[in-house]
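Dropping the structures in below, format is structure tokens.
Below, chain A partners chain B and then partners chain C, in two separate complexes.
Let's look at the complex of A and B:
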């Protein structure tokens, strides 16, 4: 049975609010897909529609080449792992894991044998007779995983599976989930609002905003080649710059910002016209930093540079994150390799010039046309990982 | 335990001692006293108990009272569970749920006696119900079993005590995590499987508490039996109140002690099945 999932024009409205807005998405069989977005973007609603816990207002869900709309959750070949696990508090660990088989009429001895087998695989066989409340968060999660996997589903749906764990366990478990998915060879759909979690595990990352897909692609694509300012800002790791296209020549576009800086960017097959207002982005780790010894307030003479005063310095181990206040722009971040930074460390308040090569700039021409919206997110690069 | 702990527990301990401990000791003591037509004689005799256990009337009284308790318990359980289930799982939004829950308590805004007696003009031989049935041509003769019968007693009990079942069961059910029910549906459980495997076990505490209330209330009642059976039926406490009416305190006290032990045994039985304390803590 194939675990390929296809969403066709999938829409969900609650009263007047549109939670999921005409989504089309194909998740290949045996892949690990992450639905990523801020809370309220509709990612959990999509998961629940795939699982059968929510009925689409319009559109269709196909699993393995068949429409499953109207089928009961248990008839879809899917299993869901709930946020906070939703273990049955009155049943032992063993009975929790065996519950699905009980519902399918498997005899007690047989279902207990299979549950024990599965518990042994996640090293929880010692705890078979405990109650869920007597387990730690990580153990509960493994019970929930075993409970979902006992019927050998073709699709496993995970709703924020790691959010209830502490940082250390979270990192450990996300590797574990990825390994399990590879071993089982089934489709995983994992809902999360944590960028680093998504790009760490997924084959296919789907970035969502307000009920729509902003970008779907491999983790590397999403991270290095975002289609829109929204994705670039949301994923972090990029500085987003705005400007008006002044010239297009030799495979490069030149943008001029409000304050006179000039940014040059390779077109890489994208079509832009002179006069367009555009965003481009530059990776934080490709930015070079030097002291600005010119009189304060003067705009940079070179292309692909900004000037400003150092606003914050955060040591991250292998690199130092330097945030720069650029007048008239959103804060600009340079991730400087630790060796280079400490060769000539700048301090908060120092005037600096940040510059980068044109090849490291990426034009943001796609997305849903909301790219000019100025929203600040908790960015992935701001947390440890 | 420090002195402060004792001090903090003292007010409640005093209340329990004065209003529970002392009367209990008094009743137990009096149950061993002798009596004649005019006096209670403070000595130590076992005759009250011997007569109580020697009389076949005692056993038929208990049989009758337990019969009421079991029937009323079963009916209030079904009503309490159904009403709670409907309120918790089918009524949205939360405010409507709360409003309907309060509606359940409306009958309790008036006195027990009024609520019970209002059944009489309804169920009587020429009552509203019989007249309606005759007017509709369903029966030719008024139904006699409606009032002053076991039927009337049970109806009054169920009406009076259903709320004591609804409240604790509602409370237990409202605390069930909806995700747990969804997880059961995800596992392939249909509606009745969900009720049997998830809702009932997780409402056990409420069911146990409601059962304790209802059983204790029915076992301890004499007024409803007296009025609604029209004197044709009796209960343990009704017999006790008759003894008190003729000032035979020692046998009434002995009867009270035995009833206390029986009801305690029933409550212990219920608590054996459901560990209320553990469930409340968890």
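Let's look at the complex of A and C:
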């Protein structure tokens, strides 16, 4: 049975609020898909509609070539892992895992044998007689995974599976989830609000905002070629710059910012017209930093540069994250390789010039057009570069 | 002034401790007087001093009928309490399940249930008695008195179930449905076992509220008394410490019921956290 999922014009309204707004998405069989977005963006509602715990207001959910709307959760070939695992507190680990088989009338000896097999796969067989409350968060998660997998699903739905774990376990478990998905060869749909988690595990990253899909693509695409300022800001790792298109020539567009800086960016097949207000972005790790020895307040003479004073310096191991206050702009971040930084370290308050090559600029022409909204979420890059 | 860390308690501690001591004395003093006097010697009277110590008056309860219909009223009270308990548990659990969603008239039903809690019990019993008379039905402990008691226990049970359900995570039900359980299977295998301690609490309330109910039961009881009414009747015509023996005995029954309920709740909780400690710890 194929685990290909197709969402067609999927919409969910709660009273007057639109939680999911006419979504179209195809998730290939056997792929690892992450639905990524800030809380309230509708990602969990989509997951619950695929699982059958929520009924779409409009639109359709197809799994393996047939519509599953109206089918009971267990009749869809999906299994869900709940955010806090929802392990039954009155049942032992073994009975939790065997629950589905019990509901299907499998005899006790047989269902316990099969539950033990699954527990052995996640190295929890010796905890079979424990109660869930006696297990650590990571162990509970593995029990929840076994309990879901005993149904032999073609689609596994994971609702914030790692959010209840500490940092160390989170990194370990996300690797384990990815490995399991490859081994089982089934479709995983994983809901998360953590950018680095999504790009670490997923084949297909779906960035959402306010009930809509902002961008869907491979992790690398999403990270390096965001379609909109929203995606670029949300994923982190990019500096977003705004400007008005002054000229289009030779495959490059030149943008002029409010304070007179000029940014040149390759068009990469995108069509822009002179006079358009646009955003472009440049990766933090492609930005070069040098001391600005000119009189304070002078705008940069060169194209693709900004000037400002160093606002914060954070050592990150392999690189140093330097945040620069650029007057009239959102803070600009340069991730400087540690060797280069320490060759001539700048200090907080120092005037600096940050510049970059035109090839490292990417125009943001897509998305849903809410390009000038203020970021209301924590940017991934702020804590991890 | 009390200085922190000086090791001496402030005077307020002793004042409040004395107040608490008085409270305890007030609470248990009268009851202990009755317990002690129920062991009065065969020649003793209704008041102190004790004239020897014996179980004579406990024996008298089961003996000749001059002390009233103790055995009959006791049996009726227990039976009635069990019936009230069963109906209260069944109705409260179902109502608790229903009230998780808003339905047509849910607010009205809720306020009606609460209303019957605040009507004076005696008036309510009078109303039930009058209605039975009007309908030409003979009042009895298993009909009119049962109904009158339920007006008291059902709203209580409902309120407890509200509290219990407010802490119940609906994800358990979704998980069960996700794992192939039907509605009935979910209820039986997941919802009820998880709610069991709360259900036992409702049962305990149903039982004890019925077992010592007086004002609502007084008028619609019919010709055969429950235990509290029998004791009330006995205070007017029995002039021996048998009355105290009866008080001690019925209190003991209440304690046993409460102990059974609390122990079973504790056992369930312990089973959920301690079971399986025979396997080694750690990962």
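As a convention for this text, the second predicted complex is superposed on the first by the 382 of 385 C-alpha atoms of A that agree within 3 Å, B and C clash if a C-alpha of one lies under 4 Å from a C-alpha of the other, contacts with A are read in each partner's own complex, and residues count from 1 in each chain.
Everything below uses one rule, namely that a contact is a pair of C-beta atoms (placed from the backbone, for glycine too) under 8 Å apart; a residue touches a chain by one contact, two chains touch by 3 or more.
Treat the numbers as computed from the prediction; the structure is a model and nothing was measured.
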- request: Record, for the superposition on chain A, whether partners chain B and chain C clash or fit.
  value: clash
Query: Touching A:238, do we find chain B (first), chain C (second), both, or neither?
result: neither
- request: With both structures superposed, pick whichever of chain B and chain C touches the larger number of chain A residues.
  value: C
Contacts of A:136 with chain B and chain C, given as first, second, both or neither: second
- prompt: So, does A:103 touch the first partner chain B, the second partner chain C, both, or neither?
  reply: both
- request: For A:304, decide between first (touching chain B), second (touching chain C), both and neither.
  value: neither
Task: Please indicate which partner A:127 is in contact with in the superposed arrangement: first for chain B, second for chain C, both, or neither.
output: second
Field: Contacts on chain A seen with chain B and repeated with chain C across the two complexes
entry: 51, 53, 72-74, 79-80, 82-84, 86, 88-90, 99-100, 102-104, 133, 147, 151
- line: In their shared complex, chain B is touched by residues of chain A numbered 51, 53, 72-74, 79-80, 82-84, 86-90, 99-100, 102-104, 133, 147, 151
- request: Would you tell me which residues of chain B are touching chain A in their complex?
  value: 177, 179-180, 182-189, 193, 197-198, 201-202, 204, 282
Field: Contact set on chain A toward chain C in their complex
entry: 51-53, 72-74, 78-80, 82-84, 86, 88-90, 92-93, 99-100, 102-104, 126-131, 133-134, 136, 138-139, 147-148, 151
- request: Could you pull out which chain C residues touch chain A in their complex?
  value: 169, 171-172, 174-182, 185, 189-190, 193-194, 196, 268, 271-280, 283
